[in-house]
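Single-structure report; data block below.
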Amino acid sequence: MSTTPHSSEILTLERDHIIDLASKGKRIDNRAPMDYREIKIQTGIIEKANGSAQVDIGQTKVIVGVKIEAGTPFPDTPNEGVQTVNAEFTPLAHPTFELGPPQENSIELSRIVDRNLRESKAIDLTKLCIVPGKKTFVVFIDLNMLDHYGNLIDASTYAALSALLTSKLNEYEVKHDELIIKDNQQPLPMNDYPIPITFAKIGKTLMLDPNIQEEHAMSARLTVGIDNEDCVCAMQKGGLGGFEPSEIESAVETAIQKSKEIRKLIIEATR
Amino acid sequence: MIDDKGLRLDGRRPDELRSIKLQVGVLHNANGSAYIEQGKNKIIVGVYGPREIHPKHLIISDRAAIRCRYRMAPFSTDERKHPAPSRREVEISKVIREALEPSVLSEYYPRTVIDIFIEALQCDGGTRCASIVAASLALADAGIPLKELVSSCSVGKVKGHVIVDLYDLEDKYGEADLPIALMPNHNLVTLIQMDGKLSKEEFDKAFNMALEGCRKISNLQNDALKRKYKLESDTETSKDSKEEVK
Amino acid sequence: MSTTPHSSEILTLERDHIIDLASKGKRIDNRAPMDYREIKIQTGIIEKANGSAQVDIGQTKVIVGVKIEAGTPFPDTPNEGVQTVNAEFTPLAHPTFELGPPQENSIELSRIVDRNLRESKAIDLTKLCIVPGKKTFVVFIDLNMLDHYGNLIDASTYAALSALLTSKLNEYEVKHDELIIKDNQQPLPMNDYPIPITFAKIGKTLMLDPNIQEEHAMSARLTVGIDNEDCVCAMQKGGLGGFEPSEIESAVETAIQKSKEIRKLIIEATR
Amino acid sequence: MIDDKGLRLDGRRPDELRSIKLQVGVLHNANGSAYIEQGKNKIIVGVYGPREIHPKHLIISDRAAIRCRYRMAPFSTDERKHPAPSRREVEISKVIREALEPSVLSEYYPRTVIDIFIEALQCDGGTRCASIVAASLALADAGIPLKELVSSCSVGKVKGHVIVDLYDLEDKYGEADLPIALMPNHNLVTLIQMDGKLSKEEFDKAFNMALEGCRKISNLQNDALKRKYKLESDTETSKDSKEEVK
Amino acid sequence: MSTTPHSSEILTLERDHIIDLASKGKRIDNRAPMDYREIKIQTGIIEKANGSAQVDIGQTKVIVGVKIEAGTPFPDTPNEGVQTVNAEFTPLAHPTFELGPPQENSIELSRIVDRNLRESKAIDLTKLCIVPGKKTFVVFIDLNMLDHYGNLIDASTYAALSALLTSKLNEYEVKHDELIIKDNQQPLPMNDYPIPITFAKIGKTLMLDPNIQEEHAMSARLTVGIDNEDCVCAMQKGGLGGFEPSEIESAVETAIQKSKEIRKLIIEATR
Amino acid sequence: MIDDKGLRLDGRRPDELRSIKLQVGVLHNANGSAYIEQGKNKIIVGVYGPREIHPKHLIISDRAAIRCRYRMAPFSTDERKHPAPSRREVEISKVIREALEPSVLSEYYPRTVIDIFIEALQCDGGTRCASIVAASLALADAGIPLKELVSSCSVGKVKGHVIVDLYDLEDKYGEADLPIALMPNHNLVTLIQMDGKLSKEEFDKAFNMALEGCRKISNLQNDALKRKYKLESDTETSKDSKEEVK
C-alpha cells in the first residue's frame, strides 16, 4: 500500500532556508537553478558483467551492471529480446533505507528507468532474438544505489545507459537446438540515448538535479526523458504537490536543451 | 485506427470522451465510496478515515497520512491477472496517491490515516485516471475536507493522431500515452506521466487536450456529488439506515 | 498460525441485546429466525470474464468473476478440468480488513466455496479436458468481497454459482498440438446447483443468514451445503462455541427445505 | 473396499477404530505435550502458555488468546510435502483451534496466549481428529484449566457403507468424510465438517457413529491422562528432573 | 539481516555458576568435559519415508525423514543425484522459537548438516542418476527439531546419517522415457559416515556436547566433522567469541578420537 | 592448477596473496565505510550506528546489537544472481557478524544497534574473508570503539597442494577450503569454517598458512587506516564538507 512518507529527518529550518533561497533563484550548494552537480562516469568496472558503469552526480553514487543471458521471449513479442530493470535501494546508501524503505520507491525508480529505455527503443531488441518464440537474449539491468544524495532517477538512468553503451554481446551459434556461446564479442546493438532530466519545484521555482536536502524541501518532482530526436519519451511526476501547466511546458523545453549536454557527456565517456 | 471521417474504431471523434457514469456512496461499510464506469472500465473505490494508524511508526505528527492501494481484480483483464500485487499496481498506487495528496487538507487530522482502496473490476485503458476521478469523489463522500475535487484524463497518439481517453485497443497500438490529473480551480497538475514518443509540438497539443478532458470530467464529478447530496436530503430513510450502523 | 480473533468492535450492550432478542425468537433487523435478508442477483456484469455475478444479501455485496483458460491437468485426474477458487477480502469491504485480516478467513471461505462446488460436482469437469494428461481448461473462480455485512459464505457461493451458470466456454480445435480458440461459445457444462445454508447460534437459538451484528453475537456458525438431490454435500462449523447434536440434525433438515427456495431464486436469475 | 464378511481392507469392522496409542508428557521444553499413534498416523503436540503475547495488538483483554498451528512434516505423506504452509494446513489449524476453544477456561488468563503446536509426523487419514485428541491432552498436561477433554473422530462413506475412522486409502476412494469433535459431558459438538454426498438418513447414521467413536476415544484419553498422573506421583525422580530445568 | 541474539533467558547467576564450574573442569549436569550426554538412536519410525531416524542426545530430540523422488539434476552435475537438506525449528521444540526464531539459525544448521554429508561424499550421488542431464533421484533430508536442549548440530547430523543409512531406494526401469518405479528396494548407496563433534568454549575450557544451559553460557562454539578416514570434512565456528589457534588444533585431535565412538554407535543402530 | 615451478594458474606462489587494494571512507552518507579489491573481488561496506534500534524487541539492555547483511549484487557473479537473498548469503551474513562481534566494544553503547551493510559488487572467491577485512575497517571509520581490527584470509587444497587466498577457479576445482578470521594481537580466531577433506597434517599446515595470511592482511589494514587519518588531518576542506551534512 502506498503511504505518505515521513519527512522528519530534515529540520524545518533548513527546509525554510532552501525555499527562501529558491525564491531568490539561489541554492544551498551555490548552484544556479539550471545547473547539474558534477557528473562523473566510469565504465567497465565489473569485469564479470557484460557491461557496467558507475555514475556519480555530486555525492550521489549509482552502479549499474548489465548481464545478458539466454531466456524465453514474451508471447506477444516472439522475435524480440527482453529488457528487465531491477533497482536495489541498498541500505548502505542512506540511513533511512535500513527501516525497510517503501518498496514502492525502488519499484517506481526501476520502472522509470525501464520506460526511458523502452519507449525510446534504446536497446535494439529486434536484434536479440535467438530462436523465434523459443529463445532470446534477456538484458538484465541491475541498478545498485551506493550513496543517495539526491536525484537517483537521473543518476540511475545515466548509469544504465552508460553500462548498455559499453556492453558486449557474445557471438553464438544454434546447432541442433543447442545454443553455443562463442568467445568473440560484439557491442550490444543500441538505437537511442534517452536522457531524463529531473526538476524539483521548490517554492515557486523549478530547479534541476535536486540534491537530497532539496528533495526534502521540494513540493513536487518532474522527470522529462528526451530521446535522440528531441522528442519526449517518458515523463513522471512525483511528490505531494503539483505543477502549473505552464511550468510543465517550460520544463519540457528546458529538458530538450539540457539533454543535449548530458547526452554528449555520456557519449564521450562510453566511446 | 482512425477512419476517413476522422472517427475512431468505436465511433468517437479524436477529442471525444467515452461515456462516463459516476455514482457516489455505493458501499455501506466504507466511510465514503464511489463507482465509475468509463467505457468498459468499472472501478469501485472505498475510503476509510481519518482513523487511527497502525503500525505507530507510520504516524505523521502534523498531518494525516494517506494510504492508497490500487488493485486489479483477477477477472478484470483479458487474461486472468494473478492475485498477487504486480509492480505495475505498486507504481500506480503511488502515482494515484500523489495525484490526490495536494487536494486533501490533511493537516486537519494530524496523527491519523486516510485509506483509499481502489478495486478495478474491469480494466479497459486509462484506469489510473478513472481511479483518481472516483477516489476523489469517495474522499468527498467520506467527508474528508478537500481543496477541490481532482479530475483526471489521458491523451495518446495513435497512428500519428492525438486522441483523448484511449481504450485498451487504442492504447495497445498507440505510439504514446499521457495521463494527467488536474485540480482545475488551482490550475495544478497533480499527476503527469508519459511514455512513447511525442515531439514538443505534439506534446503541447496532447497536454492541452488532456487538460480540456480533465475540465469536462470535473463537471461530471460535481454533478455526481450534487446528485448524492440531493438524494441524501430527499430520502431521510436511507440516511437513517446508514447512521444506524455507524 | 490460527489465532483467537478480536471481537472488541461490537459493544457488549449490543451483543446482550441481540442474545436477549434471540431468546424471544426475535432479531435486531426484525426478521424471523428462519428468514434470509433480501437476496439480489445480477449476472453478466464483467464483460471480459467468461461469467460473472454480483450477489447482495442485505447490505453484504460479493462479486465473482469466472475466467476459463487452458492449463495443465492434475496428475491424478488427467482427463478432467481444474477448478480453482480464490477469495479476496478487499480492504474496502470492512474497516477491520485493513489491519491485514487473518488470512485464514479468506482461505477458509475459498475452501468452503470450493468444497460446495467440488463435492456436488457442480461443474462437469469431465467435459473440460482438451488433450488428456496434457492440456485442460482451468476454471478460475475469483471471489471479491465488496461490502461485508455478514454471511459471506452464502453470498460468495451463490455468486460463484450464478457466475458459473452464466459462464460461456469458447469452442476450440486442437491442430498439430496447438490449441485454436474459436469465437462461438457454449454454456459451461454444469451438473448441480449446491446451495449452502448458514446458521448462527445465538444464545440457544439457531438463526439463518446472520448479519454482521449477529455474527459478533453468535457463539458458533454452521454451514450446510445441499445438492440438487437434497443430499448434504458440505458442512463447516466455525466460531468459538459448539452445537448440540440435536441442533445439527435439525439444521440439516432446515437446510434441505431452505435450499430449495434459494436454488429456485438462482435458477431464475441465471436463466 | 468392504468384503463379503463386512470387513474392511485392513480387517476392521465398519464401526471399529484403528488401534490408538496415547502418551502424555513426551516433550521436555513444552509446558504440556502429548503423542498419538492412530493406525499409521503419528502426531506430536506441544503446548506453551499461558504466556506473554507478542505482538501486543493480539492481546484480548478478557481472556487468553489461543493460537494453533497444524503442520505436516515434509516426510509425513506419500509424496514429499513442500515445507511452506499449504492452504489446507491453514484451514485445519483454524478448525482445530475452534474445536478446542469451547473447552478452555480461557477467561482465567486474560491478556495471555496459549500456543498449541501440532506436528503431524506421519499422515494416514483423519489427522485433524487425531490432532484434536492429542492437543486436548497436551493442554491438560500443561495445566491449562479445561471444562473437559475434547474428543474427535471421523466417519465416512465408502462404496455405500458408512464406516468409522477412515485411513488414507479408504478416504481416497470414499464418497464422503465427516470429521467431528465432541465435548462428551457437555454434549457439545465443537468441530463438524463434511464433504461428499450423504442423504439425510445416511447423515444421521454417520453422525451418530461419529459421536459413538468420540465417546470411545474419550475413554482412551482419560486413561492416558491417569497413566501420566500415576507415573508422575510414582516416580519422584522423573518429576524432579523436570522441575530442575523449568 | 543477521542480528546479535538475545540471551536474556538464562540468569546471569546460572551463567556465572556454569563458567565457575568449567574453570574446575566440572559441568552443571555432572558430566566430564569430554563426555556426551546419552545418545539414543531409533530408525524406521516413519514408514512412509524412504528412511527415518530419531536421535535423542539427552533431552534434545531430533527426527529426520528422508524422501527420495525423481527430479532434475543440476546443470553442472548432469550425471549425479541431488542432495537437499532442510531444517525446521518447529515451535514446539523451544519456547523462544515461537517468536519467529532468527531464520538464520535453521539455515545455518541445514547448511552444516549438508556440508558434512556433501564434503565427505556420504551419499554416493554418482549412483543416483536416472537419465543423464534429464532425470535423477533427489534425496530430500528433512530435519525436524522436536525438543531443543542443546547441540542441535550433532543430533541433527547423527539423525540424518542414521536415516540415510537405513534408507531404501526403489528399483526402477526407464521405458520410452517413462520412469517405472518397481516395488523391490535396495539400500541407498552410501560412501562415508561423517561425524560432527561440537565443542563449547566456556570460560577457558572446551566442553563437548553442550546442553542448552551451557550454550547460553559459552563464548563460542566449534563443530569439527570427521570422515571415515579420520580426515576433517567440515568445520564451523559459531557464537560471539573466538578460539585460540591452539584450542582449534586440539579440538581437531579430540574430534578425530571422539568421532570413532559415535560412528560405531550409529553403525550399530543402523545395521 | 600448479605448474612445474610450483606456480599457480595466475602466476602466484602457493603462499602468495592476491594484490589487495584497501580504501577507507569511500561513502558520504554512511557513518563509516571501506572498499576492498582483492584480485577481482570488489566489495564495499557501509556502517551506520550506534543508532536507535527498531523494532524495539531487538534491544539488548547491556550492549549494542550488531546487525550484518552480506549481499551479492546480481551482476557480481558469472551467472546473474537472483536479487532475493539466498541461503548462502544468510549464512555468510551470520558468520561475518560472529567474526566481527568479538572485536567490537559493544558494551559502550547499550540499547543501540550497529549496522554493517556489505555489498559484494564482484565475487571471485574468498569474499567472506575480504568482506570481514573491509567491514572491520568500516567499523573503525565509523568511530566504533574496537579492541583491534579483524583480519581474515582463506586457504585451500588444490590438486594436493595447500595454497593461500584461492580465487574462484581454484576454489571450484579445489579439494578443500578453510576461511578463517583473526584478531592478531588477541591471538583469537573469530571465524573458522571448512569444507572438503584435509588430514590432520594438512589441516595444521593449512591453518598456519591462513594465520600467516591474516597477519599480512592485518598490516595492510593498519596502513589503510593510517592513510585515511593522514588524509583527514591534511585536508581540512574534505573533513568540513563531511561534517556539514552530518
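Labels A, B, C, D, E and F are assigned to the chains in the order they are written; within every chain, residues are numbered from 1.
The definition used in the following text is that a contact is a pair of C-beta atoms (placed from the backbone, for glycine too) under 8 Å apart; a residue touches a chain by one contact, two chains touch by 3 or more.
Please read these numbers as outputs of a predicted model, since none were measured by experiment.
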In the chain contact graph, what is the shortest path length, in steps, from chain D to chain E? 1
Other chains in touch with both chain B and chain E: none
Quick check for the class: compute each chain's Cα centroid; which one is farthest from the centroid of chain B? E
Remotest chain, chain D as reference, centres from CA atoms: A
Just the number, please: Cα centre separation of chain A and chain F in whole Å. 31
Whole-angstrom distance, CA centroid of chain A to CA centroid of chain D, is 57
Centroid spacing, where centroids are CA-atom means, of chain B and chain D in whole angstrom: 51
Where chain D touches two or more other chains at once, by residue number: 54, 57, 69, 115
Can you list the residues of chain A that touch 2 or more other chains? 99
For this assembly, give the contact graph shape among line, ring, star, complete and other. ring
Each chain touches its two neighbours in the ring; listed from chain A on toward chain B, they are A, B, C, D, E, F
Quick one: which bits of chain B touch chain A in the complex? Just the residue numbers, please. 57-58, 60-61, 63-69, 87-88, 90-91, 93-98, 101-102, 106, 115, 178, 183, 186-200, 203-204, 207-208, 211
Residues of chain B that touch chain C when the two form their complex: 27-30, 33, 40, 42, 44-46, 48, 51, 54, 69, 71, 73-80, 83, 115, 117, 119, 121-124, 245
Quick check on the complex: what are the chain E residues that touch chain F? 1-4, 6, 8, 99, 103-104, 107-108, 110-111, 115, 118-120, 222, 227, 229-245, 248-249, 252-253, 256
Residues of chain E defined as touching chain D within the complex: 45-49, 52, 59, 61, 63, 65-67, 69, 86, 88, 90-95, 98-99, 140, 142, 144, 146-149
